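Think of it as A, B, C, D and E in the order they're written, each chain with its own count starting at 1.
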Amino acid sequence: MATTAVDTTKPRAQEVKPPRRPPRRGISDTLRAYFLNAPAMIVIGVLVAYPIGYSFWLSLHKYNLKLPALERFVWFGNYLSLVTDPEFLTSLKVTVGFVVVVLGLTVLMGTALALVLNETFVGRGLLRSLVLLPWAMPGVVNGLMWRTIFDAKTGPLNGLLYQLGFIDSYQAFLTSPTGAFLITAVAQVWNTLPFTVIILLAGLSTIPGELYDAAKVDRAGVFQRFRQVTLPWLLHPLLIVLILETMNAFRAFDTIYVLTGGGPGDATNVIAVLNVRTVLTYTDFGLGSAYSWVITLVTLVISIGYISVLYKKGSIEI
Amino acid sequence: MAEVRLENVRKEFGGVVAVDDLSLTIADREFLTLVGPSGCGKSTTLRMICGLERTSGGEVFFDDQPVAHLPANKRDVAMVFQSYALYPHKTVAQNIGFALRMMRVPKAEIASRVDQVAASLGIENLLERKPKALSGGQRQRVALGRAVIRDAGAYLLDEPLSNLDAQLRVTMRAELKRLHADLRRTFIYVTHDQVEAMTMSDRIAVMKDGLVQQCASPEEIYARPANLFVASFMGSPPMNFLHGEVQREDGKLLFRHQGIAIELPDHASAAVDDLSGREAVLGIRPEDVLLGVENGTAAKIFVAELLGADVLVTVSLGEQLVKARVPAPYQVGVNAQVTVEFPAEKVHLFDPSDGRAVLAARSATPLNRQDSVVANQSPAAAKGDTG
Amino acid sequence: MTSIPASRPALPLMSRIPWRKIILYTVAILFALWLVLPFYWIVNMSFMHEVDATSVPPHFLPKDPTLANFLGFIHPTTDQALLGSHAVADTPYALMNSMIVALTTALFNLVLGTFAAYSFSRIQFKGSQVLLIVYLLTRMVPGIAIIIPFYLVMRALHLLDTYGALILSYTTFALPITIWILKDYIRSVPRELEDAARVDRCGWFRMMWSVFLPISAPGLVAAAIFAFMTAWNEFMFALFMTSTISSQTMPVIAANFATDLNTQVTLMAAAGVVAVVPPLVLVLICQRLIVQGMAAGSVKG
Amino acid sequence: ACGGGGGNGGSGAVKFSGWDYESALVQQNVARFQQLNKDIKVAYTPITSAQYVQKTVAEFTGGGGPDALYVYDDSLAGWVGADYLQPIDGLAGVDEVYSGIYPSNAQAMTVGGKRYGLPYYTDSQCLIYNESILKKAGISAPPKSLDELEQQSLKIKNAGILQYPIGVTGQLQDTWWAWVWGLIFASGGDLFDANGEPTMDGKDATAKNVFAWLHKAATVSKVIDPAVLQLLPVPLDNAMKTERYAFTVGARYALRDYNDPTKSKAAGKLKIAYVPSLDGQVVGTVSNTRMYCLGKNTEVKDKALKLLNYMGGLDSSGKPYTSKFWFQQKGLGFPFRALEKDPDVLQTLGKFADPTIYAKLASLARPRTAIKQPWYSEYENQQQKTVQQIINNQTTPDAAVKTLAQSVASLKKKYS
Amino acid sequence: MAEVRLENVRKEFGGVVAVDDLSLTIADREFLTLVGPSGCGKSTTLRMICGLERTSGGEVFFDDQPVAHLPANKRDVAMVFQSYALYPHKTVAQNIGFALRMMRVPKAEIASRVDQVAASLGIENLLERKPKALSGGQRQRVALGRAVIRDAGAYLLDEPLSNLDAQLRVTMRAELKRLHADLRRTFIYVTHDQVEAMTMSDRIAVMKDGLVQQCASPEEIYARPANLFVASFMGSPPMNFLHGEVQREDGKLLFRHQGIAIELPDHASAAVDDLSGREAVLGIRPEDVLLGVENGTAAKIFVAELLGADVLVTVSLGEQLVKARVPAPYQVGVNAQVTVEFPAEKVHLFDPSDGRAVLAARSATPLNRQDSVVANQSPAAAKGDTG
């Protein structure tokens, strides 16, 4: 139809046009985006770029403060030595178990709790605030609290179970390797659950209510509504939760350190405890940095794994 | 499902009464249209039928069973939401096929039915898009598709065609009528398009302020509006209204308005008794007003507008403007004198105190079933409706 | 229109039982117990006399409740004053420091985070994915690896033992995650609203302020709480970057309680309680902002 | 409670930091020092003890670091190696101090033949027992040998007085488990020879025998509380004060608290004894030394030295003022022999421990031989884990000593 | 602002061409209506004018100035979004007054103007509600109010009345026309309602698949559609089309369709030359078809539908159905024989190869300006349009 004279274009008012500026396009999107990112990039860049680079540099060195004379560049020697380091390997095993247990519990409980808190019921406001309680507790206090609770001599848990007749004498819960492992996991879950709940709850609050209406009309039951409406909308928050909780679980230190110090034996000697000890107690900065970078890389790989798995599930773009 | 019955249903939103004591029975297989001014409670009524909104009072029955305890997903109704409510994270195909998936229909069947529905809606090439990437009308069609793909007990359609162009609307109307004929299910339809209401419905329920004003067949609504509101709401251009008094004079029944006397038919006797001594409102549709007849009342042409084959002539009768619809050509200049007549058989009388119709026209001009549900059909489909 | 039937068929029994409510309340109560019981023990202890705190069998209610532990924070007794290098007397100041640091961190995070998050959720630009991962990467390096060089940086900036050091560290910690959190919530605000605001002559800042931020309030609250809590209970950096009560935060002081050989568990419990209360109060205030379906009714389609 | 300090000492103030044990008293003492030396200002920073080492390392690494500071004996060699500290040989007052203290302390403060510290306090391990519990079980004298300890414990256990009569600190920590070293040294053995070579897996069977005893006591006769694996020093103190254990191996100064009626229900009942040995002989124990040292890069060396001397040396009258102050105030063990006979000291000591045993322990005590090794802290951690495994029956004494020897071998390799 | 000009504007969404090489000049103070089938790119065009969407090609000019660099908030245009885009956290009053607030209008003035606009929209009692608590039509009115309260250089209205009832729509149309008359600004209006398009616009641009098919006055569009698409899209019921051939016979110009010959007017000569030997399409509007005339072609009544004052008669002419609109009453039974005539003056000829109109009707029946922008007015306002 291009031939049709659709447009009665008027003759130009003046033949001599003013020298037309080349049409200014707004600044390019990419530029604008980086402009918006600049403050964050500057703060992060200025403050942590150097430390991060430095720590990676250190991880390529043999470097123990106590023996400055031995300092030397060893390429990936520290990393290679880890492969044969029995302590590291056991610790890796413990850590993986710990991460799996903690992550599983956190995500399941967190989702359940967020869903509950998203409903209206008497006392919701209170429960919503209570959810944050564990988070507000400094890690040291948290560790001490759990110590007190599980104390073999004076712990209220022992007292309670004893009074209720579940046990016939006080138990030293933290002294068996399994017990210690599970208890640290529980304490960690208790401590990090609020983050999951808050993020998921905020995610839930963005779901347009009318989608549930539509799904109800489309005959989706409670479970299907969760799967078809809630879950897809929660993918993004879940991704954050997964990444951050994985990171947290890999770096869980405070609570474990206070509760068991990594013991008994190697039962709770997760890599983070080992890492902190190596750096701060043994002042082995080279090896310590290598540990840190192993943690970093593992969490990075796992995170990218999450991202790509969820990405494949569709409807998610980072 | 079959009959849907609302009994004294009421809905308040924290003080705002959206639906106020509404009773309505929609028979099995009926096509009922809800019309009414914006904000009168149509959508709310649908939502209550559907189970998305709890009633604040009264009861909803499906086939004589109260359904208050049934959640929406157990009620077996399909609905087109006024706001579409598409799943933004699903493609068009997934949106349309969702209900079937919930009913565990096999994948292949879903796919073929989705294709079929999409084709009938003209969105077959958008199936892989997300709603975000659709135009307004395309979204509305997806919303419609999501409902019509189902085999539900009742279909609730909340202004499902409002954002479509005229042509498409005609096609869609035909599709919906066909669906209604094929499925033989209850349809409850909300629309602002009077042509749609008139041509598609078995009955129309006219609502105002959360109350049903009249629920009857389109012809009945048009010919015998139950009250002033219905009379003024249905019909375009709307009915003329004259305020005056009724009296008996010399055995004649008369309506007097500013010195003009209009004779009323004999059967108006009871109505006149009812209203005598009080103000009365006379109503007459523009197409029933006669111009230029002998013995008519003198009036002046105020304005005349060409409506294709007709002319809409507005005459001033004293202070009052009256519209008349007469066949074109009608070549009379503005301010020209003309005579007007209101045929006795065609006037309505209303009691202004409560708006109630006390006299309906005996032979109103038949309804304007203008549109084209039929007009667009193939010869075979068109047999029923011959004028 | 229709006559009311003489007798209404009774509802089926199963549907008269409010299953939903029952399940909801059961789960809610179970979670409440899980959240509260451990903490309850601390609260319980904080009202006890030292001798009762470790008694066998335990007292599940303070036998002889006392406020002495809490009063200690205002007027420490001589005994209390000596504990954990002034920990008791320092507690109120530490709380104030924590509050200042945490609130400022949260604020910084929201401001910086919103800018960046906006770019990720609304602009398609080259390198956005890489940048996002890089942000995350900075957070994935364990704090222990960077604490020493970080200390050097702070020293170079003459920020040691000031709020600045803490606020900056926590901002860098929380920012990547904040950006990740916020980008999703910003994305969930219908784009049309931004358009509408533009047409209504809002500049970008105005649009963010008047339209975006109120609607993404739940996300902002979540991000703010995250940043706040990160700052509130971080221990290691607080310990290393500060040395006096002019900037020490509550976790450092709480650790002082814990390591003192003469420590009193009840006093420590009381410190734990006061450390937890301010954030909870704040959240109680903020939580009305976590509203369901903020954008409801705004766009059609 | 605000105040400047630490980093902002300013013009010429002596930056002095220490772990936060009784920091109020330290502050008081520092104030006194400033009274006496009007020209010197001291900026005192107490640091949480659990993180003292770490934070100090950070400060030194960051190029700052205090002028004068507390140092643990087991950190000393490392810090010297890391070049944080400077020797004080030949400086005023140092020789006098070194000649007045127990040799074990002098040895602990010397690295590579150079003296680095002036003593803060010292202490040695002893057996602490609850006399009244023993009496109740019909025992009149504390055990001399480990077997005796086990027998007595069984008696107490069988009498139904306590389920587990023996308690020690058994949770992994970054500080040492003195009692393990105490038990081995008391039996005349060691884990290392004088050159820091491991002897536990061969030459010297003491460790293995002590471990065997531990294993038996924990898993066969079950007189050691399994719950010790989650026991830290403070809870152990509380347990002793509330008479939940009849025996522990601990530092002498703990008795001061244990026998303080205002702090302990068991005041007066807890007594000091020699650490039981394998054969019942009294041949040794382990000691530790806490000291004051001088930062390497201090710009106020003279002033800092004055402070050091005030804190860890002798005053103008030749008396170790601060050392005595600590003993009198808190019962911290004095490194100066002369104080053994000081009447004030004796009077105070009488309130909580037998002066004879107290003094004898001090003279018998030896520092750990391995603390000068750069890998000591790793080793200590390994040893703690191994002992935990012995106590909860995850390993055997044989395997334990092997593990320890192996770990030393690999640590040595790592540090070469 | 005044003139809005689009030059070869193009918009692609990742492969999907929404607007394809669109050129259009909207004069200062003009009221231009965009019509076209759903998904043809109307909203996208508005969004590009407004600056919400970057063009993928071409340029938008305001008063001869390219505006590509100007963000939406600098362009001084007001817009009603098809999807409303109300601020969910603001009350109705705040929504409506927001733009004024952005322009730093004093509070008191905002309040009074909001009240005034709300009153004209009939939502004065909803001012304190949030959008969530409004019905669909109420939301749409808020969206409209948000635009009309402003004094902008151009107003872009994307189906602003689609969810309103007929009565309200009439009122709103009048309001918009009044606003246009008062403000004398450029209005660009999108609607699916042909009556709206016909009665309100100075010009109508008919779009299809992202291209403008014709842009002209309503009368022109109706009487002289530029191509088959425009002819079929505008008008309800749509134009009749017959496929056949043109030829000269005995000096006469004839259109032949299945043995029927239709005489063409003399001025069709050029058109016939153009099309001869090829297929041609003849178009005629139903109101132009004459029934029962002498010399007419024989046909059979297929169906007749009453449209109020008219009857829409469908006759079968061989295989072909042709609609005719004749005045009521028209009492002929189905299958009755009838004659049909296509007056030579009123036929259109199209080239089916590209749809182009090669012959426009000389005297088409005047446009169906049926509606009531005027009909509803007070006497004073109605003077302009007398027929």
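What we mean here is this: a residue touches a chain if its C-beta (ideal position, glycine included) is under 8 Å from a C-beta of that chain, and two chains touch if they have at least 3 such contacts.
If you're wondering where the values come from, they're calculated on a predicted model, not measured in any experiment.
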Target chain E, source chain D, minimum contact steps: 2
Given chain C and chain D, the chains that contact each of them: A
Greatest separation from chain B - chain, by CA centre: D
Winner on C-beta contact pairs when A-B is weighed against A-D: A-D
Whole-Å gap between the CA centroids of chain A and chain E: 56
Whole-Å separation of chain centres (CA-atom averages), chain A against chain D: 40
Chain A and chain C: spacing of chain centres that average the CA atoms, whole Å: 15
Where chain D touches two or more other chains, by residue: 51, 54, 61
Two or more partner chains touched - positions in chain E: 71, 82-83, 133-134, 136
Residue numbers of chain C (touch at least two other chains): 54, 147-148, 255, 258, 293-296, 300-301
List of chain D residues in touch with chain C within their complex: 1-8, 17, 20-25, 45-51, 54-55, 58-59, 61-64, 233-234, 237-238, 242, 257, 263
Partner chain D, residues of chain C touching it in the complex: 54, 81-82, 84-86, 89-90, 93, 147-148, 151-152, 155, 160-161, 239-240, 243-246, 252, 255-256, 258-263
Partner chain C, residues of chain E touching it in the complex: 47, 50-52, 71-73, 76-79, 81-89, 98-99, 102-103, 130-134, 136, 139, 146, 150
Residue ranges of chain A in contact with chain D within the complex: 64-68, 70, 81, 147, 150-153, 169, 172, 174-177, 259-266, 269, 277, 280-283
Residues on chain A engaged by chain C in the complex (per definition of touch): 29-30, 32-34, 36-37, 39-41, 43-44, 47-52, 54-55, 59, 109, 112-113, 116, 118-119, 121, 123-125, 127-141, 144-146, 148-149, 153-156, 158-160, 162-163, 170, 190, 194-195, 198-199, 201-210, 233, 236-237, 240, 243-244, 247, 250-251, 253-254, 258, 272, 275-276, 279-280, 285, 288-289, 292-293, 295-296, 299-300, 303-304, 318
